[in-house]
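Each chain carries a letter (A, B, C and D) given by its place in the written order, and its residues are counted from 1.
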Amino acid sequence: MMMTEHAGKSLLLSYGVPVPHGLLVRNAAQVRRWGDVYPAAIKAQVSSGGRGKAGGVLRVAHPQEAAAAAQRLLALEFAGERPSTLLIEPWIEHTRELYLALTIDGEAGGYSVLYAPAGGIEVEDNPPIRYGFGEPADFRAHVLRDRLGPVEQDAGVRERVVAMARRLLFIATSVDATTVEINPLAVLPDGKLLALDAKVVLDEAAAFRQAATAAERVKARRREPRMVQRALAGNLMMVALDGDIGLISGGAGMTMAGMDMLAAAGLKPACFLDCSSNPTPAGYQLAFDLLDGERRVKAILVSIFGGGTQVDRVAKTLEAIMAARRSRKPVVIRINGTGRERADAILRDAGLYNQPTLESALEAMIAAVPPR
Amino acid sequence: MSVLIDASSRMLIYGIAGNFGRFSARDLVASGSTVVAGVAPGRGEAAVEGIPVFMDARTACRSTDASAAIVYVPAPAALDAVLEVLDAGCKVVVYPGDGLPVQDAIALRSAARRCGATLVGPNTPGLISPGKAKLGFMPSHCFIPGPLGVVSRSGSLSYEAAWRLTSAGLGQSCAIGIGGDPVKGLNAAEAIELLHADPETQVIIYLGEIGGSDEYALARYAARAGAKPTAALIVGAAAPAGKKMGHAAALVGSALDSQAAKVEALRAAGVHVADTLRNLVPAARAAL
Amino acid sequence: MMMTEHAGKSLLLSYGVPVPHGLLVRNAAQVRRWGDVYPAAIKAQVSSGGRGKAGGVLRVAHPQEAAAAAQRLLALEFAGERPSTLLIEPWIEHTRELYLALTIDGEAGGYSVLYAPAGGIEVEDNPPIRYGFGEPADFRAHVLRDRLGPVEQDAGVRERVVAMARRLLFIATSVDATTVEINPLAVLPDGKLLALDAKVVLDEAAAFRQAATAAERVKARRREPRMVQRALAGNLMMVALDGDIGLISGGAGMTMAGMDMLAAAGLKPACFLDCSSNPTPAGYQLAFDLLDGERRVKAILVSIFGGGTQVDRVAKTLEAIMAARRSRKPVVIRINGTGRERADAILRDAGLYNQPTLESALEAMIAAVPPR
Amino acid sequence: MSVLIDASSRMLIYGIAGNFGRFSARDLVASGSTVVAGVAPGRGEAAVEGIPVFMDARTACRSTDASAAIVYVPAPAALDAVLEVLDAGCKVVVYPGDGLPVQDAIALRSAARRCGATLVGPNTPGLISPGKAKLGFMPSHCFIPGPLGVVSRSGSLSYEAAWRLTSAGLGQSCAIGIGGDPVKGLNAAEAIELLHADPETQVIIYLGEIGGSDEYALARYAARAGAKPTAALIVGAAAPAGKKMGHAAALVGSALDSQAAKVEALRAAGVHVADTLRNLVPAARAAL
């Protein structure tokens, strides 16, 4: 869950990392409060990457230009998100732009430092060097310094980057962040470092001990489509897609496999909907309600292979849901796993058919809703 | 010993008194695993499903010689519970829970290594050596003994895959759910090495997905001299970029995260790759 | 540096520890904003302990009583500090009061958990049990559970306390706190825990990476006497005392030893003033300026035994200060340590006398300012 | 070997290129210590005061066989610098700086133990074995060889005390500044054990103060069978309660923190206690 630049910078600052002194505004009129420090940078505040390339950062030379820029930025969309705030900052003189990040690295089994001597958008051409050290106690400034040696000639910059990396690690563990990236990290004329941008990704799983993360999660959910908001509120994992086949599944891998099978059969999934985090009658009922209520969904495929989720219970739940259901959208069921034989019997007795394989389920679906 | 567990493994269920713990106790006993102890701190029960219940893992292990554990506690309690079973001497520990903060996963991975133990998980159904032992909650009927060593990032997908393989007569030496989180107690590279070293495993079947870099560990393995034959299924072709697909690590952030890139890298390394479930059995047969 | 209860509770809450929903007010009139949840607790917000015993917490049954209580509390002093805010909270029904703290423990070489099954003020009669574990990675919930066994019979409470202790450790490391104490920690009728009070002590040394600590330090300094504020601003360590002999010294132990020697000789130190953190001409000049400017100071004793502080440099500084000084307060000098022989010569040439021992310096001081 | 260092100790100064590092290099060389290397990351100097300077501790130790280090870096850099000299293999490390976050002190204490090394500090002038070696910046002229082992929480106070003892003809086997912070690399109990084990130490002199519990470690030692004779000076009688006296740990918070309580406990344990500097030499004589 990515924080906006301004939230990320505030966080960095609260741990002693220098950032420019900026002002957050909500509309073009508020730009006047910025006073008269020009040239200035005016930047769209959004929760996804790639903003710079998408024209989300503008340099303005005077108040009129700033107001116009603000109006322009507030009208843009970035990965589907309209910015609700803008950050204005002095345009800072600097001698170099570096790239520095602290992130999670599966191969290192923990944390990694990424560094590139040429930051900004140039970092895409010259990938950063990586120092994966695993657990925080295993971070070694001197090892990072050695790694920096071949790519960073300026010993003074090296020392400051090493100290900054240590700080980013402290921040990541304190706030449960999975990424703390500064790009660009400016070298000022006096040699000091200043974070010109900040990309902080919070670990949603830590919301139970990080109220700030819980609050960010609430904000992030509000940005989702209404259907997804309702799914998440009911503890179902949902990602909205633009197809017309509602997929009710369990487990991330099985849900993706179902999506892929639909796509390969020429059908288009309307969603990624993983009910394994709430495999209860209420959870499945919500799943049906959402898909039955969504106009573009033409049919529903229930595809569940349960281990801990006992599918005889799922069958009973489906029996009850189907009995009370008013929607006429076709439903194809294919469940397997723990309790499968009892599940077959339950569905059979309820007049429902449990497809033996995903392939047969897809055939039934194609029969019900032929692909265009 | 098969991989990590076998018929001689003496197992402990931490959190046996909860609903899922009870279900799992029944299921494990029914699967033929030797469950010798349960732990339920703060509960007063003497036994669950005929398994003696202890107040802490150390007493449980001392009293029963348990040396493998599965831990059913919610994520906020996982760090402490897994440290407890590690301290008690368990050498194979499964933590199936999802929603574990990455920071805690990192701490547990390190703690397990310091104890000379193997942590499987988080976010995994556990592992099974068909016909010998199971430490997890995958549906046993999907698995039969055989020559395929299975590594999977996803629980449910591994059941479906195993059921297809089993239905086709292709049995498994072992199936390890490494879990869908970015930091794992046992990662893909390490799981593959275990299967590589296992004499009963002839072919390695890998079930992967978008995001993360575990699949590239398989590619590196497959390309090296003396590697066992490999087959793989990589799901997530239909997933849009920039969206997390359930698993914490299942997100296409960069080009290397995509299903297409992974399939290409694996094929280049000589892995028999299925791009959907439909092709899994043929790919496995090709590798055999 | 102790946070006020309200600041401490806000911190706890931000890490997911439940606290009562309270309201901070600055005067009796603002009490009206509390609405109508009575009975309520109204509590003076101060940065020192012992508030409860000093009558800083009152139970109020209705708005009039609350306003009167507010007026009374705002007029009180707690360890010399007048509260500037009050915290109003609902008076919470609970079944038990526990004591739980995470603190630094020199003997354990790190952190310690303290627990007592009877919290509130009763904890003073039944000292808490201690689980000292050292570094955070060595915290073991199961060891703490074992330690709790003999004193806490309720297994449910035990489990919740263990989980809470883990959380307090997380907080302490994330914010660099040296103490996070909850007393009382209430057990609610449903068995859950609620922090009815919070004493969080921040590690001042971590201000470089904790902006909140730096801000608290600024606030704490503002509460100091003007002279002490100036000393701290000049990087001198100063504690104001009520005597009349200004003591300019270096090193905490040597400064305390000088205070003790003065006291034993019947003289009263006006301050603890340790210049070792800024042993520069500017530092010593500030020390003289402060003591020369403080009316109750009658004479100054310079007592420095330098190691890293080279006393020949100190001597040169004293020469310059004494030459320019206008105050007529007697000054007795006794410096020793690295460069002592050169220091003797410099002082001699400047017409100043370096006392050979602290004892002779005290005799000279008694001659200049006889004890009453 | 005397205590921790002796004439054969090969020393490294980390942060040698700063003002204090240069001063200390001169002072250590003048005191007769064998300083074989300096470290100054990010600096270009080849030598300081004739001592070869390296870019990192590992190279310095490999090139010079240094095994004892004193680290002059500000507190925010201390954690990393001390970890570096520990990783480089130094077995005695002095960190004199003050203002180190307690959390970092805890990490360093643990790291040193894992490396089988001894960390002295933070907030200490270091240690000296008069006539043999010094790893610190206490004024050498205050110390002469002799039978007293000195442990001190305060630097300046230890100079004054040593100067008095030396002036009275009472030499020292060793003087260890353990520092004034609550968490120490080497705490009072551990320093006392080192002196107890040192054949050249006949009497242990302890210089303590208000706050913390180190003094009670001395009382426990003095009360045990076979303890060496002990004398102590405890300062802070004139300090008011509730105020931090310079040192992070020098604060009277509870009754046990006060000078009076400590003096009483020490006397009860048989320690010869001086309540001011004036009585130090007589107390030391009484213990001899």
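Quick note on the criterion: contacts are C-beta pairs under 8 Å (C-beta built on N, C-alpha and C of every residue); 3 or more make two chains touch, one makes a residue touch a chain.
If you're wondering where the values come from, they're calculated on a predicted model, not measured in any experiment.
Any chain touching chain C that also touches chain D appears here: A. Counting only chains that touch, the fewest steps needed to get from chain B to chain C is 1. Annotation: A-B is the more contact-rich of the chain pairs A-B and A-D, by number of C-beta pairs in contact.
Chain A and chain B have CA centres that are 25 Å apart. Per-chain Cα centroids separate chain A from chain D by 51 Å.
For the pair chain A and chain C, the distance between mean C-alpha positions equals 43 Å. Shared interface positions of chain C, i.e. residues touching 2 or more other chains, are given as 137, 173, 208-209. Within chain B, residues 76, 107 each touch two or more of the remaining chains. The touch graph of these protein chains has some other shape, matching none of line, ring, star or complete. Two chains count as a pair here when they touch; such pairs are A-B, A-C, A-D, B-C, C-D. Remark: chain A residues 48, 79, 104, 106-107, 109-111, 134-138, 172-173, 176, 178, 203, 205-206, 208-209, 237, 239, 241, 249-257, 259-264, 269, 272, 274, 276-277, 304-308, 310, 336-338, 340, 358-359 touch chain B in the complex. Chain contact summary for the complex, chain B toward chain A: residues 20, 23-24, 27, 75-76, 96, 98-103, 106-107, 109-110, 125, 136-139, 141-142, 152-160, 163, 180, 182-184, 187, 189, 207, 209-210, 212-214, 217, 233, 235-240, 242-250, 259, 275-278. By the touch criterion given at the top, residues 13-16, 137, 167, 170, 173-175, 208-212, 214 of chain C touch chain A in their complex. Remark: chain A residues 137, 140-142, 145-146, 155-156, 158-159, 162-163, 166 touch chain D in the complex. Chain contact summary for the complex, chain B toward chain C: residues 41-44, 56-58, 76-77, 79-81, 83-84, 87, 107, 111.
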